[in-house]
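In this document, chain identifiers A, B, C and D correspond to the written order of the chains, with residue numbering beginning at 1 in each.
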Amino acid sequence: MRYYQLYGDGRPRLAVETSETVYDLTTTNSRLRTFEDLLSAVSIVDCPIDAVAEQLLDDAAEIEIHPTENEALAAPVSSGEIWAAGVTYRISEEARQTESSMPDMYIDVYESDRPEIFFKATPSRTVGPAEQVGIRADSDWDVPEPELGVVLSGDEIIGYTVGNDMSSRSIEGSNPLYLPQAKVYDRCCAVGPCVRSASSIEDPHDLEIWMTISRNQEVLYNETTSTSKMVRSVDELVDYYTKHNIVSNVSVLLTGTSLVPDDGFTLHEGDLVEMGIEGIGTLSNTVVEV
Amino acid sequence: MRYYQLYGDGRPRLAVETSETVYDLTTTNSRLRTFEDLLSAVSIVDCPIDAVAEQLLDDAAEIEIHPTENEALAAPVSSGEIWAAGVTYRISEEARQTESSMPDMYIDVYESDRPEIFFKATPSRTVGPAEQVGIRADSDWDVPEPELGVVLSGDEIIGYTVGNDMSSRSIEGSNPLYLPQAKVYDRCCAVGPCVRSASSIEDPHDLEIWMTISRNQEVLYNETTSTSKMVRSVDELVDYYTKHNIVSNVSVLLTGTSLVPDDGFTLHEGDLVEMGIEGIGTLSNTVVEV
Amino acid sequence: MRYYQLYGDGRPRLAVETSETVYDLTTTNSRLRTFEDLLSAVSIVDCPIDAVAEQLLDDAAEIEIHPTENEALAAPVSSGEIWAAGVTYRISEEARQTESSMPDMYIDVYESDRPEIFFKATPSRTVGPAEQVGIRADSDWDVPEPELGVVLSGDEIIGYTVGNDMSSRSIEGSNPLYLPQAKVYDRCCAVGPCVRSASSIEDPHDLEIWMTISRNQEVLYNETTSTSKMVRSVDELVDYYTKHNIVSNVSVLLTGTSLVPDDGFTLHEGDLVEMGIEGIGTLSNTVVEV
Amino acid sequence: MRYYQLYGDGRPRLAVETSETVYDLTTTNSRLRTFEDLLSAVSIVDCPIDAVAEQLLDDAAEIEIHPTENEALAAPVSSGEIWAAGVTYRISEEARQTESSMPDMYIDVYESDRPEIFFKATPSRTVGPAEQVGIRADSDWDVPEPELGVVLSGDEIIGYTVGNDMSSRSIEGSNPLYLPQAKVYDRCCAVGPCVRSASSIEDPHDLEIWMTISRNQEVLYNETTSTSKMVRSVDELVDYYTKHNIVSNVSVLLTGTSLVPDDGFTLHEGDLVEMGIEGIGTLSNTVVEV
């Protein structure tokens, strides 16, 4: 099932999409307003989230939302931290051996047991579908990164979403110690359009993932890859993220990207970034300078 | 099952007592800390509260609390309003016909469809087991009233508790318009020691109810009656309380009393008030002037 | 000064009206969003509220709100309890001696030291300007009561507002023990349009107070009186309300009314109730059955 | 003035230390319980924090706390994020030119306009005085870093505290991309014992700073330096931290360290770490493996 967070009329509402239609779960209980409300209940009663949702459908009203029109949708997870991983996709033998193409530290991470895991964003820095993602005014090379996002309750994998790990390549590139400034800033992250339950995804390591970037209706970038090209498993990344760390009731771990525009490309204010993952949906955001 | 709210170590904990032992439910999930947490989850997933608790017992740690030693116990419901009913127990034909013994307005309520229902207390005015209940410093005739408390989630009956509807009879007696001042004040209400689930009470209209008042270890009052002497049903009282009203996620409706000390008796600071209901437990409080 | 609570764009905003214009205080500080925010700061730094607001005006943006068009206004106090007093206005000697015209208990309160003070409403039962006030579906005689509302921080008088103490006279009239049901129900109270600071009101006991009731644009009731006809002082009422009671950070005490439509009149759904107090403003609400 | 956060009896209390004595500010107003409460009020009324505190002293009770006995003290700032800076202290010409002694990226940061600024901790990962700081179980080289902490309200410097930026040098050292894992984990940060107001610190760039590490009462490390050896100003660091970023109502920016134990030293569980800054106080924590 897919869980959507609606803005509602002043107060949030939670919707769920089955294979047939979309239901407004808040019609079954006025206390059930956010995905976190459902997660909290599910966590306490210790039932699978889809089983709980399934039971509620009989009493829920069908609604006509068009999830692709993201205007009515908020970030599907609105509390908790967002962390991210890097260097998780296959690097060709050739690239690894061409010294100039990639700094050694990336190759080292690629070949090490320990993955690169970093703090990415707070809810205050994260936007939802159709909201604006930010590029730093003190950066001149900025890119979006489309990533499979793992939605966690504690260390348990609850579902998946699409995440945009916005990055300043000019800041990151000038010194690895600047990475946090390249990654953590105002509007640095987007997630959405929904949370797809983990139990309804057959294999998170076999999902098509794509990104399109347009400027004034002209497509500047349009590529597709697959999570099958990840060289780390989701479980492995979750394991490194959660151990020795404080993990909140809900959090999202972005799992890295391999869709990277050419070095000559940088985002401009007003650009439209669309990214999607098979079985989850499409996350669209425009770009604003911050 | 009986649900107890423990003070815990800085943060509250929720315990449940089965026919065999007591379990600390917070050991199953650190988000499950109050009866309201459980109620909220149960309300969302739409399962019976005891069924949910039953499922959690396997993972819960047994604890050695002695519910009769109330020191570790907080009020089992710590949010929501407390309302109360009056004139709900049988009045003898004789008393009704002896004009001097009872003002007409009580006889009128007794014989009317509409019961007496009134706002009793907020959480800030309510104490739990072993805490002090208040008598007003501007009152010289004060009594406790032991009552069956109906615990509600919206308009649904979830369970039962013991409630002490402290009353200033001198203020109430001088004018019926002073009733709110006689009933609503600092520390005017106590509830506890637990919430007994509704499904585990066979008949709320057939429960023994008793009260003992002691001063300096001397018993001054000790009487017993039964909820079978109520002339209104719990459902009828709940119906009148909830309709046309705003009812919060959790609330308690006290159902009136028939255990009233003689007119010559008034509470003093330091008195010990113990009241109990069959199948629920005993609520003990000492008295303080406020 | 007059303090208005604006709905804002999803988040509340606080405005203040001086003798010249209206300022949006939230433009000076994004943390300053409600009257309670200001009250809390003023309480901590122990300064007069108008002095603090005065200081902020230089940095505040002027806004064009028309306080008489209440659509943009929320209740000026949105947290805390509302209490009310009764039998506080002069009763003619004649009325007092005509036994049939008024039950003895009212004359008793009128002549006693202790006033009638009762719990009136929670925030959840209170509406603001332009919202709907309720009449109970199980009542057939319902009236509004326009009252001077004293805004308190603890037991300190901070300001004044207009309050509508909606009442079911059929329920109240059939038995004094039903008073809480006649007074406390869904949408039973309205307050607004602003809080006028206490220091800017010369004498709360000399303010004109009026009420107009219209149905289908036809005026059915239109009367004026003055708070100079109160027989209790504001201080006296506040004193009885606060002593032996729990008083929250902010609360409102309504001080009773003497503007009462004739016995033949009852409110209908859709009626427009407008009430005002000199120096404070006009509170308008339409009527809905609850 | 120095502001201390006390645990109180279940609820926090705020104390202030003048040159003469310590006052419990919560005795002046039960709403004033945390440094953030004071900061919020000060921010709204737009007065200097010490001026507000000064005014409250007449009504405040003196208390006998011994700030050096940290048991009663909580972290003086308990909400908001903690960020940190690195490579902020003077590096000798010799060290800079000895290639083996320091990776190039540190020299690059040292010589660049942009400082190293990184996300350090959330409140959930931060401990106060006398609490345990953490070393990661998957690290074998761990050190504390004593740093001047700048306490901010938005981008305004409010005061200073002592901060311990716990670091896993083995994780950090193996790859710069692991820095977030070396820095952000369970119990990775401590702050305290107080917030010293900015206006009462003559020059934050001329404060002695020291650290002592003891194991089984034996002193293993004991060094002193001065903030005068910083090569970045506090204003410059705050500027880089706040621009293009989301800054919460209160936050702390740690400004880097130059007190580093020899490479042969690593912390063990049970070690006592004491660090202090002239004019602020001493922060003591023991070490636990997480």
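Convention: a residue touches a chain if its C-beta (ideal position, glycine included) is under 8 Å from a C-beta of that chain, and two chains touch if they have at least 3 such contacts.
Treat the numbers as computed from the prediction; the structure is a model and nothing was measured.
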Inset, instruction - Please compute the C-alpha centroid of subunit B, do the same for subunit D, then give the distance between them in whole Å. - result: 49
Inset, instruction - Between subunit A and subunit D, tell me the centre distance in angstrom, where each centre is the average of that chain's C-alpha atoms. - result: 33
Inset, instruction - Give me the residues of subunit B that touch two or more other chains. - result: none
Legend entry - Chain contact graph, described as a line, ring, star, complete graph or other shape: ring
Inset, instruction - Go ahead and list every pair of chains that touch. - result: A-B, A-D, B-C, C-D
Inset, instruction - Please name which positions on subunit A make contact with subunit D in the complex. - result: 81, 86-87, 105-106, 108-109, 112, 114, 116-119, 122, 124-125, 134, 136-138, 171, 174-181, 184-186, 240, 243-246, 248, 290
Inset, instruction - Note which residues of subunit C are touching subunit D in the complex, please. - result: 28-29, 31-32, 37-38, 40-47, 52, 55-56, 59, 249
